[in-house]
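Next come two complexes, and both contain chain A; in the first it sits with chain B, in the second with chain C.
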Partner chain A sequence: MSEKNYALVKVLLLIFLGIWMLFTLFPLYWQLITAFKSAGETNLTVPTFWPDEWHPENFIAVFADKSNFGALIDSFVIATGNTLASLFLGTLAGYAFARFPRQAGGENLSFWILSNRMFPPVAILIPMFFLFDAMPWGTDSHISLIILYLVFNMPLATWLMMVFFRDAPRELEEAAYLDGFTPLQAFRRVTLPLVLPGMVSVGILCWIFAWNEYLFANLFVGSAVRTFTIVIPTFTNGSQTLWNLQMAFSLIAMIPPVTLFILLRRYMVRGLSLGVVKG
Partner chain B sequence: MAGITLKNVNKIYPSRYGPVHAVKDFNLEINDGEFVALLGPSGCGKTSTLRMIVGLETISSGEILFDGRRVNELEPRDRNVAMAFETYALYPNFTIAENLSFPLEVRGMGEAERKKKIDKIAQIMRLESILEQKPPMLSGGEQQRVSLGRALIRDPDAFILDEVMSHLDANLKFQMLHDLKILHRELGKTMVYVTHDQMEALALADRIAVMDHALLQQAGTRNEVYREPANRFVADFIGEPPTNFFDMLVRRNGNDVNIVSEDGAISFSPPEKLTKVLATNNIDAVTLGIRPQHLGLSGTDGKSCSLKAEVHINEYLGERSILTLKSGNETFRALVPPYTSAKKGETVKLHYAPEDLMLFDAKTTNLIA
Partner chain C sequence: MAVTVGGGASAGAGATLPDWFTSKKKNPSNLIVARWVPIALVGLPVLTLLAIVIYPTIWMFYHAFQDTNMMRLFQHNWSFVGFENFKTVLSSARFGDSVWHLVLYLTFGTGLEVVLAVILALTLYEVVKNSLLRVILLVLIVLPMMLPPSIVGVLWKFMLTPSNGAVNHALLNMGLISTPVEWFNAGVSLWSIIIADVWNWTALPLLIIYSGRVSLPPAVYEAARVDGAGGWMVMRRITLPMLKEVIAIAFIVRFMDAFKFVDLVYVMTSGGPAQTSELPAYIAFQRGIREFAIGEAAAYAIVIFACSAVIITLFLKYLKKVLKAQAIA
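On to the complex of A and B.
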């Protein structure tokens, strides 16, 4: 490629990235400025692109109802609990599918598990409600959502962990058996460290899904347990939507996943690029 | 210390396309302290055999004994054998020192003692300078030495080495062959060395077991497999360049026996021993083998018999030359001194000693005598 063509490609790339950034960053920008506006300013017919007056006290106002902070905690408990359960089950199942495909039901079973992830969740909304309602802990509890989200996160975790385990050379485990390890020791000391970056990425994906889930949470919980996603729509004043408070609260709710992502991004990149194991 | 006995060992893998019979009725006795090479082309079942010996694969039928004790049911960790893998199989997340330390740690050895052993192995395998590095940083040769070191460190009864030099370049291989030979001499431990490279097998082993198509073809000393190959496959597989084979007919004329090609262009006179055998049996079609090394241009040192052929190619390879020759329909090779000046189209007279002829039954391919 000539020098000139190269420059052209660069310009086109920048234009493309610019347009793309506009699409992705504009909602964030809008969220940010709305969070600082007064309620009146959010409802102007001609919207303002920069707040006339800054109202940082919005971020305190969202906690006027003390239980709103509890909703963040509830979401955190549910997301974390579900992530741990998904990782535990997904790792064991993924290992079985990767190492003992025949004994573990073959490709059909592993694909069936993945296909659970593919149907539209609304389809099972009502049946699930009745099912969980019949459980001793009812629907309005942490454990109900922790278990329910397994329907979505466990297949994902199983499938991805299976891919990671397939990548981890079997011979390393065999070498460990000969070195004197029991199968469990070999799994823990040799194989698990190899798939750890992958596991962290899977964990983040599960956690973010559970953290953001609205549809099921809205139906299942609401009194004893409230997730932040169902709290956001409650910021209204009569028939008026308090966009500023909704945006402020959702900004606060963005902090945990963003922090998580920044802290673990090195694992994430390694885990989601091919060949996790090669290190 | 352990002698290893394989008795009618079979390995049948289930697979989607039906069962794969990877090892068939394998019988072999490996003596204590012996260096045995398991030699054969890729896919012939060498790795499967090894994996059954160390316990990574179940034995479909038959028995494996260590010093007369049946080990079929023992877990790998209870057999006290060490294996080095073709891919080295070093634990990538741990340093070389940790890699070496694992087999000791899991046996409950104390830290101080472990350190002493690691230092000793590091010295033997020349690993001192890389103990704190991690495997992915090392060259193939270094990884190979670590992998051997890890096998050595816990003092196993037998070493099983699977194609450990397949990925090393020629120079390094030469060095490793030497190291391994010395190591075996010093330790006096049973070693089973799997390879598809006959050069490695000939260089290292006291005894060579040649495999093909899941079957053990021959087990014998280097000299036996080279001089008296059990069948055509062994004769073909061992030796470089490969043995020349001719499809021949046996012509009997009273007590006189001649071996002649179908078009009559080539004839060999068999040694007395062979003549006797052929005179008494009724085999008519044979495959005759003679190694390129055993065909010479001069008739000295007992190479009394000769045949004529036309030079087709004269390849100069530095320390020797390979002549590709034609006679009638047959093409064959002779290994000659490097300065040979035979030109294409020239007719030369080739000498051989009748004892160097190998005769195989054309049907069964087994050695006749």
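On to the complex of A and C.
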């Protein structure tokens, strides 16, 4: 291809990018305007591409059922609990793999941890259900999902923390020991501050994955505990789906992950590409 | 935090590195400490993970060889049937169809996503020169990835409603189609899922490839410019070859996800109509959890498990090589 044609290709690429943006944004636009429509307007024979009337009260109506607010709280508790547990365990393992690669079980062990994230969860879904059913806390509880989500979030945290600990120079820690710090002091005062930005980004990734999880939640919880992901499909009026409320509620539930992503996208891009895995 | 290396802290004049940190042998008791600290650090995370996955894995392998269903399970009355479940699975048309669906999904979902991601990521980096605009576009492109599968499924199901859905009417208004497309009929519903999946997940390979492009050394491009290489030449001879590994990783990540792909199928079509949009992982889910054929579901799971184990092992080998080359691991 000649360089002149390449200039033409660039223009075509820009047009393609434009089309892609349209494809990406149209569903989000549709979600937004549907959230403001009346239930009747969402079911017209010919859909309106701009709401006839605006109904911001939909955003209050979704909480007419108090338990819907509780679902957001449940999701928050589960996502936060799981993030803290994943970060704690992932930091321990990540530190060990970064500082003592051979003594801590080496490559095989760290890759085994990572492989847990990659296996299809369906493979263990049913026995997992019976296992948790036999536990004192049962399946329908916060703790059951907090533990379950460790299967995909802890490997991510371990691997990312391992990379961040490797980036933190070992010499600084050595210097701290020579200055008479105890191991815990050295870790807390020297190493931890160095990896803290990385840790925050890992935490946010874990949090978003746990916040968005649907499959396990759908099977495990439902009455005592309900996550927002399993509540969304339940906005119906008898046989009629209340699309406007579904969309309004999902918009509210999207606020935390989207805000986190916009604020911390730089870390997250790094996290996603280093982790090379998703939940 | 401010650590004055070497300076100031004369209090620890006699202090040395702890043995467990250097793992240098001094005396037997310290040797034990040096050996055990790393293991203690790794132990808790590894044991936690083992505690969660070991029982379900053994259970699955055991019941794959039993004629267990929900009733027999509760009566503790199942019996050994050898490879019967595997025979049922591998000879069933349902499984055969789902493998074909998986092939379609891998080609037009996963494959297309990666191709689109390469084009879009490089367009974004090479052609869009305004950095603010670039960040805005990147954030917008990634938005769909931030949504949970239940929202994605519900949203696309709503938009693809044949009679009064947004997509059909938008296409009708633009004159691209003359009659509404029946998005959830047999043979079409799988494509609806693939469209929603492309919308949802193209951003992941895109982010991986984009950050791969960002981290390519500028010096190489400087040298190419000095040598008078044009844009297309640079793209074909430098950028694409150097991104080869990153693109491969992006593809494999999505490839492995295909084997666990259940949630969108479940929310959008439940595999229907008449099982025409089922993927293997979804059948394992459906047989076990909706249809209570636990032995058979376990066999399905193991077949999928085995396939993904092969792929994951190959991938991890490849990843080790790439990470070694980049001196990360």
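Assume the second predicted complex is superposed on the first by the 239 of 279 C-alpha atoms of A that agree within 3 Å, B and C clash if a C-alpha of one lies under 4 Å from a C-alpha of the other, contacts with A are read in each partner's own complex, and residues count from 1 in each chain.
Rule of thumb we're sticking to: contacts are C-beta pairs under 8 Å (C-beta built on N, C-alpha and C of every residue); 3 or more make two chains touch, one makes a residue touch a chain.
Small disclaimer: the values here were computed from a predicted structure and weren't measured.
J.: Between chain B and chain C, whom does A:L32 touch in the aligned arrangement: first, second, both, or neither?
T.: In the superposition, A:L32 contacts neither chain B nor chain C.
J.: Is A:I124 touching the first partner chain B, the second partner chain C, both, or neither of them?
T.: second
J.: Is A:L84 in contact with chain B, with chain C, with both, or with neither (first, second, both, neither)?
T.: A:L84 sits against neither chain B nor chain C.
J.: Tell me the contact category for A:Q185 with respect to chain B and chain C: first, second, both or neither.
T.: In the superposition, A:Q185 contacts chain B only.
J.: Quick one: is A:L14 in contact with chain B, with chain C, with both, or with neither? Answer first, second, both or neither.
T.: Touch partner of A:L14: chain C, not chain B.
J.: Identify which of chain B and chain C touches the larger number of residues of chain A.
T.: Looking at chain A, the partner in contact with more of its residues is C.
J.: Quick check for you: in the superposed arrangement, does A:E174 touch first (chain B), second (chain C), both or neither?
T.: Both: A:E174 reaches chain B and chain C.
J.: Residues on chain A in contact with chain B in one complex and with chain C in the other?
T.: 171-172, 174-181, 189-190, 193-194, 277-278
J.: What residues of chain B sit close enough to touch chain A in their complex?
T.: Against chain A, chain B makes touches at 14, 54-56, 75-77, 81-83, 85, 87, 89-93, 102-103, 106-107, 134, 136, 150, 154.
J.: Can you list the residues on chain A that touch chain C in the complex?
T.: 1-3, 5-7, 9-10, 13-14, 16-17, 20-21, 23-28, 30-31, 34, 43-47, 49, 89-90, 92-93, 95-97, 99-100, 103-105, 107, 109, 111, 113-116, 118-128, 130-131, 147-148, 150-151, 154-155, 158, 163, 166, 171-181, 183, 189-190, 193-194, 208, 211-215, 218-219, 229-230, 232-233, 241, 243, 246-247, 250, 253-254, 257-258, 261-262, 265, 269-270, 272-273, 276-278
J.: Using the touch definition from the top, list the residues of chain A that touch chain B in their complex.
T.: 102, 169, 171-172, 174-182, 185, 189-190, 193-194, 277-279
J.: Help me check something: in the complex, which residues belonging to chain C touch chain A?
T.: Touching chain A from chain C are residues 1, 3, 5-6, 8-9, 11-13, 15-18, 20-21, 23, 34-35, 37-39, 41-42, 44-46, 48-49, 52-53, 55-57, 59-60, 63, 116, 119-120, 123-124, 126-128, 135, 137-144, 146-151, 153-156, 158-159, 163-166, 169-170, 199, 204, 207-208, 210-212, 230-233, 235, 246, 249, 253, 256-257, 259-260, 262-263, 266-267, 281, 284-285, 288-289, 294, 297-298, 301-302, 304-305, 308-309, 312, 315-316, 319-320, 328-329.
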